[in-house]
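Several structures are given next for inspection.
Next come two complexes built around subunit A: one with subunit B, the other with subunit C.
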Partner chain A sequence: MTVQAIVKPNTYFDSVSLMSLSTKANQIDGVEQAIIAMGTEMNKEVMKNVGLMTPEVEVAKSSDLIIVVKAETDDLCESAFMSIDELFTKKDTSKGKSEIKYSTIASAAQGIPEANLAVIAVNGAYAPREARKALENNLHVMLFSDNVSIEDEIELKKLAHEKGLLMMGPDCGTAIIGNVALCFANAVRKGSIGIVGASGTGSQEVSVRIHEFGCGITQMIGTGGRDLREEIGGIMMLDGIKALEEDEATKVIVLISKPPAPSVEEKVLAQIKQCKKPVVVWFVGGNEEKVKQAGGHFAKMSKEAALKAVLLAGAEENKLNKRALNIPLIEEVRAKLTPEQKYIRGLFSGGTLCDEAMHTAMEKFDNVYSNIQRDPNYRLKDKNISQDHTFIDFGDDEFTQGKPHPMIDPSTRISRFIQEAKDPSVGVIVMDFVLGYGAHEDPVGAMLPAIMEVKQLAEQEGRHLEIIGYVLGTELDPQNLEEQVEKLLAAGVTRASSNQNAGLLAREFVVKGE
Partner chain B sequence: MSGDLGFIERINISSLTGFVHSTFRRTINIQCKENGELFTIASSQVDNGPNSLVINAASLDEFNIDVNEAVFVKNKMLFISNKLAIVIDKADKWESILPEYPSNTQNVIRNIKKMKEYIDNHGKAGGMKKKLSSQSPYETELSRLLEERTILLEKELLNNRLAHALQHAVSLIGLGPGLTPSGDDFLVGLFTTINLRNSPLYSQQSFCEEVVQRAKPLTNEISYMALKKASIGKVRESIIHLVHSILYGKESDLYLSLNKVLNIGSSSGTDIALGLICGLEANLRVGGQL
Partner chain C sequence: MSKINELFNQKLNVINVGIESFKDDLLMQNTEVTHLEWTPPGRGNPDLIAALDLLDDPAIIEKIEAANKLAVERIINSQPVLIGFEKAIDCVPGMTKTTILHAGPPITWDKMNGPMRGAVTGAIVFEGLAKDLEEAAHLAASGEITFSPCHEHNCVGSMAGVTSASMYMHIVENKTYGNLAYTNLSEQLSKILRMGANDQSVIDRLIWMRDVFGPILSEAMKLNPDGIDLRLMLAQALHMGDECHNRNVAGTTLLIQALTPNILKTDFSMDQKIDVFEFVASSDYFSGPTWMALAKCALDAAHGIENSTIVTTMARNGTEFGIRVSGMAGNTWFTGPAQKVIGPMFAGYKPEDSGLDIGDSAITETYGIGGFAMATAPAIVALVGGTIEDAIGYSTNMKEITTSENPNVTIPLLNFMGIPTGIDVRKVVQTGILPIINTAIAHKEAGIGMIGAGITHPPVEAYEKALLALSENIK
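Let's turn to the complex of A and B:
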């Protein structure tokens, strides 16, 4: 006998439907027992008492619907789930809804034979199993889940590579495939530039800059943050480059990542050398010479990467608005800050956006600390206490354990912002506000009361506090870009036109004695 | 069209924004951002209830409203996205007010006896009422726990030891099949009787509040809302009618209103009715009339 369970998060069916579904599920051939109930602690206790507890049931919440099947074999369980799915589907159809919900990858693959990609966002403990099932059903995979072991990642990526499929992730939060934005991504124009990115917000930033320069994206393939590590060997980035090289619509390829492990960098550069299409490389803090030797186009920063890509794609340089830095503004702000106001505090929801701004500061200052610093000497000893110039990535694991990502829930950053603003040694606070699918519906609005509060406080204390805000988004995003920017301006915040400019402005505002 | 007085007032003063929490054929639940509570838009086939608005539509399917769609108030109209606009100026106002507990309880004792017999014959099994037909091991264990915990709760209530009853009441929350677990439904019935003005247990309302304080993580939001409202004596119109019939009604009234409650959900109505009986018997015992 085997017991298997499926949990449908936040799913509500009325009691009559649940009873009827439960009765029908128990009549399915081969099923010894089927239970459909809400995942309350008490119901879980009953299941435990009768030997029907599974890891899935254990983590279910009161608002989740649990379906447990006990049958002779795994195959019978699987087939029972498919039959139960059909019962649910009939229920949904009878309600006149067009959306069909499937509870297993196999039933979805069978129900939608034309599907070729599965987006998986389940608990990390079960994610490899689901991703494997999808690959076995010949589906490309975007695996949003994290907490997947390196061993599982290697195995999944090797399987995908053998089958000629994309294995995006684990921990892949951004992709645009066939002009459809998946998970956190912005609404950008369709075009001729393809991106392979190991960093989510870095890819978002470049895609948005490309859009602003008037060009567009063919595909944006995410690899997951660990792909370029020694153990994984860059399997997905290499397969991604190959996929874009074979894609007729793609004329230019952009690669985005933190610096790869040396052995992986070699492999990537070797593939760039062989690639027949121009490749722009933005590896944050990466080595220009090596990229040039491989025939690639090196970009030190995000806007530069986008600019090089659009020029290679045929855009005319003299028609582009490159949004140069506002030099008079720099002089004006420097004059307002006191000699004691020496430091930048970068409070970011996007990891690569934080990294880029931090690297910009590191070009002029030695004392740049962060929770994502690669140099352990400059890694913050306590993530809650800033030191000199500090850049915080609030999306890093240590801030998100048990909490939503700051792009969804800005509360942690808001309280830190108020804390930093009270520090008299701080001259500039720089922040990103990420728009797009999946992101907070009004990220600037959520921060506004705090901005007003600290502005007033600084004024009472007779000091000027410079706040720089960068809104990452396009006019096509579900949030209103223009409105978000207007809110910032109305609150007296300096708007940066790109993340690159945000980092440069922050740095230049606090440079003394030039 | 009719609606809960508080809900209508909230629309009148434009203090309701939120999103669609869940949708069913006959009801749509709205999560209110201002106070975190659920509000319900119900079809004309549903009775009035706390935080509910009953509209003139037999089914809500036709509106094709989806979970997470925006809800807001403008010009005293409630909007669900651009799919449904509800004008409330002609809505009949309804308020959940329970009847007073009578000084003469002979009618109550007689009606409870009849109610028990009726539920034995016509109540729906699968929750508090045991199934007579063969049960799966899961159903057997569920019935065992429901019965065991209800007996313990009843025992403490009949002896007016509400502090001891608390743990047994909490152990019922979230227990049972259905959207509103049987244990929750039973407690809704029980809470109703503790909130009857002039009843012997009326002074023990804090018991209900204490149970509800512990309920949130133990059940789903829809059922929690029903428990929360019942803990302060706010329940559906059909339950109020039934309580009135038990306290003051004739046999024919009783069966009419009991039938309406028994038709709630799958076994929910039966579970609520059994909770009412439990609470009324406790009231009679504590009042020295049983």
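Let's turn to the complex of A and C:
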């Protein structure tokens, strides 16, 4: 064992840097022990204590840099000195970001005075607290989180209402503010139609149809699914209507929801009556008469809602491509299906899209089951087993426990699709593929292998399996709309041009003996 | 125009909490977005969230904010001035010949770790209460020695903080509020009592400090009736690259420069004076305790303000880490286990040789220097991970858990931002961000001394206990 020292006179390094270099020097191969330090009394004392004192070190001054190495041989000491030299010249070149990081809404709001909206997507147990903090800091809120109690929702919405702020949610997945899509929303043109929606994918659908008709959106306010319930009283929808009414850019207002609680419906209708701007109302499965009496424009379906809105906004009807239903196709498909192939299976990632298609089927069939049926008699006994006509919303809580939403993770729907395709009583499977911000980067592609598989299987069994696909999206969305549609067509899937048409086609395909 | 309509006409500027991909989508749309470094408040513990919610009541918030404003004002406005050096028995309240003050929250002999026991037995021998270390250990265990935290006697003590009757103390007076604070003198070097070393060389040094060093400093300060304005000097030292906990080279130079004329005027011999200057020059740490006393002096002035959630003490005894909070007057300690200190070590030592975090020196971080002022000490960034950006990150991050900035003590690199001041228990529990502490590492065995330096954090439990107590206390 040998101990060698190099003393570099009048060479200053900070002690902490040298301790760090010492640590690295001790990791060099062949080094038994190394110290790199200034020649201060304290350091010399340490070297003495650990047996690294040499005559050179003894006389070193506090302004001298000392490198001492203990190794098996002189050669190893020499090579260690060379490696240590490299340590001195090597600088950390990693460029850390020194941008300010905030940990709380309050500190961020204070540090960024221009901030005006908080998007909150944390576990429901913590969400109300964060939303309250945002409102207290005068931020508008989009609360994506679900599993928030109704009491918390009431409190948050009351606070927002008092402060004149948006409280979109809880469980609000869709909004467009100032032409910026928030969470799950599509890239649509700026225009003159404002939307207030309690149904996320319903709002997406209407905004995309409006875009396709050549018009655009001013604002799309999400309220969260429970806003029109008795307890909440439609606070956000009422404030939303008022704001759009006062918004100069907005010419027409569209309301989208499941049918409201009666007392809330009354309030909403009263506000429609007062409103100076035309209001189109699409309450999925709602009542036409009351809306008309209030002076509103009733729409039974999504495309119809978009159409009414664009006409009220000044679009010329004869210039619109309304995408009428393909009647010859219906005849063609009916002919291919056997009498046993009676049922529709709707497999949806969008809740309102599912609801709309289900209501379309319910107009002609009385055996329509679903996990989101309001009538308990028609709710699926086992969500995993279909019954007659079945429509499944894979975004419903019971499917998303501990799992991402089907618009992000399509796996649950894929396995169910294969299961349904094997059922000989199934005539048509209808599915949505949602594009836009937040959604899966290639939803059709994810389903494609399964489609190929079942098509082949059906062919082997000598039956026709009709699959309808609807791609919800615009050409401006981050995913490529055209490519998604082409993938469907190439796989032999029937493409529906809207969710409304998807529901109608599915229903008509399995109507027997008309 | 309503706020909602204002929003429609503004450029969207989003604070994103939770799912990070939503931030990416907004960036794709050229929208300003800030993603929060968010974690569940109170580590998701429902009791703590309930306590936070309780303290969020508007009426209670108003009380807390008013109290905290006052507490922070008192920290910032304090003007600690070094007015002298005297033996502990002659100046420290409650000191007796058989009292040993120690760092951190209260602790009994049987719970003390290696370095603390080493320092205690060394001090007993130094005071002549026992003839050797063995007898000293016996005496320490006998109950005849009164152990008490430095903090409960207006004192602070670095590392083991062991302070006995005949050790010389800094005396620091708060010219704004009148309170006094004390701390003993740096022993310099590494094999020293406060690090747990206690052989004859350590005792001999303590004797020299008692008989020569302390008396010279004491005489010198008697010739300086104005005292030395420590806050001013601290501000200068920060501008010269010290964070004044682990880097004290500038501060020590300034302090000895201020002391020198009067040291020269004393009646001591030239050789003794030269010994003093050489001793001070032997280590940068000479002014380390001085800044601790300054911080203690300012923070004591902010202690005991009803409803305040500001931390006034962070201190460790090597076994436990304790904090005190302004709103819980007197000596109410909230504790958790002392943590490991991570950082570079002297050659020949390994992380497993380290004693746990020890010392009252975290009073500097409580005041806003040390780890909190890392951004002003680029020379020692190796302690905190190696880059200047890391150092800046630590200082800006501490703003998340503090109440204000101290305009009297600033960091040039951060556009002269004041040091982050007034750690708020609520913010620590809410964010999960723990104060960062720069500190030295003592060997875990008694008798060895300092073996490295690095960074550490308080145990979150101390803050959680404090929050629960505050939520019960503030009505």
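Keep in mind that, in the parts below, the second predicted complex is superposed on the first by the 413 of 514 C-alpha atoms of A that agree within 3 Å, B and C clash if a C-alpha of one lies under 4 Å from a C-alpha of the other, contacts with A are read in each partner's own complex, and residues count from 1 in each chain.
Everything that follows uses one rule, which is that a residue touches a chain if its C-beta (ideal position, glycine included) is under 8 Å from a C-beta of that chain, and two chains touch if they have at least 3 such contacts.
Quick caveat: nothing in here was measured; it's all calculated off a predicted structure.
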item	value
Touching partner for A:S63 - first (subunit B), second (subunit C), both, neither	first
Touched partner set for A:I35, first subunit B, second subunit C, both or neither	both
Contacts of A:K383 with subunit B and subunit C, given as first, second, both or neither	neither
Partner chain(s) touched by A:N49 [first = subunit B, second = subunit C, both, neither]	both
Which superposed partner A:R189 touches (first subunit B, second subunit C, both, neither)	neither
Contacts of A:Y12 with subunit B and subunit C, given as first, second, both or neither	first
Subunit B versus subunit C as contact partner of A:N26, first or second or both or neither	both
Touching partner for A:L165 - first (subunit B), second (subunit C), both, neither	second
Partner touching more residues of subunit A, whether subunit B or subunit C	C
Subunit A residues contacted in one complex by subunit B, in the other by subunit C	14-16, 19, 22, 26, 33, 35, 40-42, 45-46, 49-50, 52, 62, 95-97
Subunit A-facing residues of subunit C, complex	1-5, 7-8, 10-19, 21-22, 25-26, 28-29, 31-32, 34, 36-41, 44, 46, 49, 52-53, 56, 188-191, 246-247, 281-284, 343-348, 379-383, 386-387, 389-390, 392-393, 396-397, 399-400, 427, 430-433, 452-453
Complex interface listing, subunit A residues touching subunit B	12-16, 18-19, 22, 26, 33, 35-38, 40-43, 45-47, 49-50, 52, 62-63, 95-97
Touch list for subunit A against partner subunit C, complex	14-17, 19-20, 22-23, 26, 33-35, 40-42, 45-46, 49-50, 52, 62, 92, 94-98, 100-105, 107-109, 112, 114-123, 125-126, 129-130, 132, 134, 138-140, 144-145, 163-166, 177-178, 180-183, 187, 218-219, 239-240, 242-243, 246-247, 249, 437-438, 478
Subunit B residues within the subunit A interface of the complex	22, 24-26, 61-62, 64, 66, 126, 136-138, 141-142, 145, 171-181, 183, 217-222, 265-268
